[in-house]
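Next come two complexes built around chain A: one with chain B, the other with chain C.
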Partner chain A sequence: MVGVQRRILPGFGLSLGFTLAYLSLIVLIPLSAVFLKTATMSAGALWEAISAPRVVATYRLSFGASLLAAAVNVVFGLMLAWSLVRYSFPGRKLVDALIDLPFALPTAVAGISLTALYAKNGWLGQYLEPLGIKIAFTPTGVLVALIFIGLPFVVRTVQPVLEDLEAEVEEAAASLGASRWQTVIRVVLPALLPALLTGFALAFARAVGEYGSVIFIAGNLPMVSEITPLIIITKLEQYDYAGATAVASVMLVFSFVLLLLINLLQEWTRRSARKVS
Partner chain B sequence: MAGASGTLDLRGRSASARFEENPATRDNPWARRIILATSLAFFALFLVMPLAAVFVEALRRGLSVYVAALTEPDALSAIKLTLIVAAVSVPMNLVFGIAAAWAITKFDFKGKQFLITLIDLPFSVSPVIAGLVFVLVFGAQGWFGPWLRENDIKVIFAVPGIVLATVFVTFPFVARELIPLMQAQGTEEEEAALTLGATGWQMFRRVTLPNIKWALLYGVILCNARAMGEFGAVSVVSGHIRGLTNTMPLHVEILYNEYQFAAAFAVASLLALLALLTLALKSYIEWRTAQQGTVGDTP
Partner chain C sequence: MKTRIERVAVLLAFGLASCVSLAAGALAQSSLLNVSYDVSRELYKDVNPAFVQWWRERTGETVTVNQSHGGSSRQALSVIGGLEADVVTMNQAPDIDILHERGGLVDKDWRQAFPHGASPYSTTSVLLVRKGNPKAIKDWSDLVRPGLGVIVPNPKTSGNGRYTYLAAWGYALTRDGTPERAREFVKALFANVPVLDGGGRGASTTFTQRDVGDVLVTFENEAIALIAELGADKFEVVYPSLSIDASAPVAIVSSVVDKKGTRKQATAYLEFLFSPQGQTIIAKHHFRPRDPMVLAAHSSRFPAIKTFTVEDQLGGWAKVQAEHFADGGIYDQIIVRR
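The block that comes next holds the complex of A and B.
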């Protein structure tokens, strides 16, 4: 199993042993508890727990709002990455540093702050409500929070690919008579496609599981603005451990499939980046 | 995601200037204006305004209310607990990150790629589920529930559960910064040290550690920010006992739900300052490593 010729350095057994033990104790064994607990449920009870109308409504909101938020982030994330790489403007470094704010700002802080902005008397809410646009305490509020959370994923996946894109490719297109618009649509965007899809998938995966930033602004009305992570907590608070675990295992299976997809996409990004440059 | 993207090319010119000087990569002035205005408006709306709102709301009722909110006993105990949790969980993941990166990057073995995927796993699990798993293992109804009760040990609704949930959600941070860097560095320098008679520990301290120090610091900073700010996972296992099991983010939630908005935002502003400090340090490290040219970009 081990390439003996490379084992000149010390500490292989110790470091790998510790890694596997720690990984098992902190992550793998606790995660397996979700599936083992779910396996003790009868098929009927399991189906009832994961397909109750109130639970299905949360899937629809969580997955729908996450898809939409990731799509919004692809459009604006691409424009932001483009501005950061291609244009020089005052404050560019500050903008670049602040892009990671959603990674660094605790989700609860983002949650109460977005709620304060979009509430009826908030900075933005006071202008939107008279126009009939309600954001806080509606599904739109969920969307706003998920856009906030997902933005850096798209920018940070597209930005390095855009930076590494050789100018020669665009020069070649221009010298062959392509207009700037044709070059961008036919040459640059296809090269960015794997990175855009990866950013989309990462933002989507994060948004589906997001809790802290959403619950403050969502209003959490059953059947209307309740997200799937919240229903897990609600079931736990009612001591419905089996029900909470059943819904959690649905989310986990979905996350694992998505993780596999993201790995494939990242592999594709790497390969196509190599091809272009 | 945490790409240390260098913004200067080899000759020290900014990359954007290079693109703007080249007629083949230069956008038409109107396209440039529209793209720049749209993306900056989006940036201001979704990132700057929420950040600014935290500080404005925190100081809305005056400085005395702000200071009072931060110095009342429950706030102080929440701050203390947050510091304790970070002080335990960050070093744990630091040791793990170094061990995992050492095994993965300095040796060949089967299933390496799969191991890397497993290490990243906690990032794709919802924080709520990260809390739930420890309830299933250590809760009253859980695997070790009866045994823990007999021996009078509390894990769930107590500090150990909060630490475990935090360790889970911050698990990959250090390892994922170290692995790509140490992979790029290879094993020659360590092998040379051994050939020259260094012991394993000397080799690690004098050769490996100096080579990875910036990436290590980078991983620790991100790990710490998440450890201090984690909400969902901690919320499930904490039990929300005031003065005992409330971390700062949970304290923010309680104050907010009690309509003590100024106090909630005051505590939130401390966390926002931590976030800004994290971003500043992160940018500094990226700048340092870009200058030295020793750290490759992490994809």
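The block that comes next holds the complex of A and C.
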């Protein structure tokens, strides 16, 4: 008995074992296959595959546009969640259901509709084009597609937290003399920050890997509007498995580091939020 | 009590599973799987019932033919990965060569197994312009004019795009005589490309539906199908002075037919494509048939055009693949320096 730490909740060994086995089967084994395949390349060939100017340009677009899209979604997703939680209006249930549509729609359909909308003869494109704003077949188009597919993540992570936020806290702030603006900045936002960060991370992760919708609207010009997943597909089409997995590994490592950072940030905000309250 | 129920359930599940696998085995005896590329879907939808009937009349055996379609190279990857194709019908030879190179699924001399280099039909790269040809596009040389928008599918991901690139290359090589000049030419041409779609259909959509570009370079069959679908009052086909012979190769997947015992049926299926009946169906779908009689019968639909082949003019697919399309190849060089 001595030295063995007893847990109050039984079943720790079993559940941890199951968790690890399941994670290995679903996540780790497929991912390690990627790295193993990459390992068949020589260091020189590997570096050449992942550092070609054309490939580097895609990292910039893929990660840049994904971060930007996630940021845009945080701002507007929060506004949507706020409206849905705080106000009741006719058709609220309908709007609520609409939020999930980008989840349900096959991504190719999303890409084709967005392209049709923003092309120079499309509903929106015909008014934007004379103003000199080109969206379809440019990097901006990539951003639009990524915002579209990432929206539900932020709304759906913020919504339940916002619902659980007790009105008393805000009332207390008001009774202590805080202005409405101060209440939002000092009381509401800190409580929402962890959820916002989760939403940001999810929207970002989804955007980085997105292929189906982006490919239709991007235009896919080398050095301009190619995304990294396209490079991977291109390499596969040329039967260059190793090259494809090399680029995939770079994406995985980048994404993992970024997600880890976001998680740490979230941990930190949660702790500081607790300290405040 | 509970354990007995569980045991019965397990037995039932096992029984069911073995029934399903038996049924699948029995079915596999007389079924063929044709793994093909994207645009041939409609063609084989017509070919298959005709072959089934033809085979039944000759042997009394009923065979079912299943089809699978997708991007040509991706389909080849699936076959390498274990998709049990009896026959493959692709749009470019490298996608069959790879099946030999990776695991010997296809015999090395597959080109000799059937007439015409095992290619029952061909098509060629042509120019589709808007009605009245407002930009007066007559030949490849017009496509490098500054300010023109040329829509081409991505040569990296599409056989159609690869043929387009090679057609332009071959044209310039014939006209100017040196690879350096040909390189300048394709570079100027691709500098005019505002959108690179993943496949031929995507490029068609960009040109016809999104109204992008002045000319679409695509396969003849696709161009004619577009006009048939969207109306002759909107687009017209321009035949360049020289283009590429885009042969669609076919092959038997030896490892699969030997395992399934379907070599006889698979061979007959591919031979049927070369028969007058098969060739007529092919011509109906705007592909150029090999049979001179059938071609003559449909000559009004296929204007004579001078073509060259990858094998004769450019030294074969292996060379073209390594020189032009491999990473860092000529295509990468001309497109990155835009």
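To be clear about the criterion, the second predicted complex is superposed on the first by the 222 of 277 C-alpha atoms of A that agree within 3 Å, B and C clash if a C-alpha of one lies under 4 Å from a C-alpha of the other, contacts with A are read in each partner's own complex, and residues count from 1 in each chain.
The criterion applied here is as follows: a contact is a pair of C-beta atoms (placed from the backbone, for glycine too) under 8 Å apart; a residue touches a chain by one contact, two chains touch by 3 or more.
On a predicted model such as this, the values are computed, not experimentally measured, just so you know.
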First, second, both or neither for A:116, with chain B first and chain C second: both
Chain B versus chain C as contact partner of A:216, first or second or both or neither: both
Touching partner for A:52 - first (chain B), second (chain C), both, neither: second
Contacts of A:176 with chain B and chain C, given as first, second, both or neither: neither
Which of chain B and chain C A:88 touches, first, second, both or neither: first
A:43 touches, of chain B and chain C: first, second, both or neither? neither
Partner chain(s) touched by A:131 [first = chain B, second = chain C, both, neither]: neither
Which of chain B and chain C A:236 touches, first, second, both or neither: both
Residues of chain A that lie at the interface with chain B and also at the interface with chain C: 112, 116, 122, 216, 230, 233, 236
Chain A residues within the chain C interface of the complex: 48-49, 52-54, 112, 115-116, 119-122, 136-137, 215-216, 219-223, 230, 233-240, 243
Residues of chain B touching chain A in the complex: 1-3, 5, 7, 14-20, 22-25, 27-28, 31-32, 35-36, 38-40, 42-43, 46-51, 53-54, 57, 96, 99-100, 102-104, 106-110, 115, 117-122, 124-129, 132-137, 139, 141-143, 164, 167-168, 171, 187, 190-191, 194, 200, 203-204, 222, 225, 228-232, 235-236, 248-250, 252-253, 256, 261, 264-265, 268, 271-272, 274-276, 278-280, 282-283, 297, 299
Chain C to chain A touching residues, read off their complex: 71, 73-74, 76-77, 98, 102, 154, 156-157, 193-198, 202, 205-206, 209-212, 321, 325-328, 332, 335-336, 338
Residue numbers on chain A that touch chain B, as the complex places them: 1-3, 6-12, 14-16, 18-19, 22-23, 26-31, 33-34, 37, 76, 79-80, 82-89, 92-93, 95-110, 112-114, 116-117, 122-124, 147-148, 151-153, 156-157, 159-160, 163, 167, 170-171, 173-175, 180, 183, 202, 205, 208-212, 216, 228-230, 232-233, 236, 241, 244-245, 248, 251-252, 255-256, 258-259, 262-263, 266, 269-270
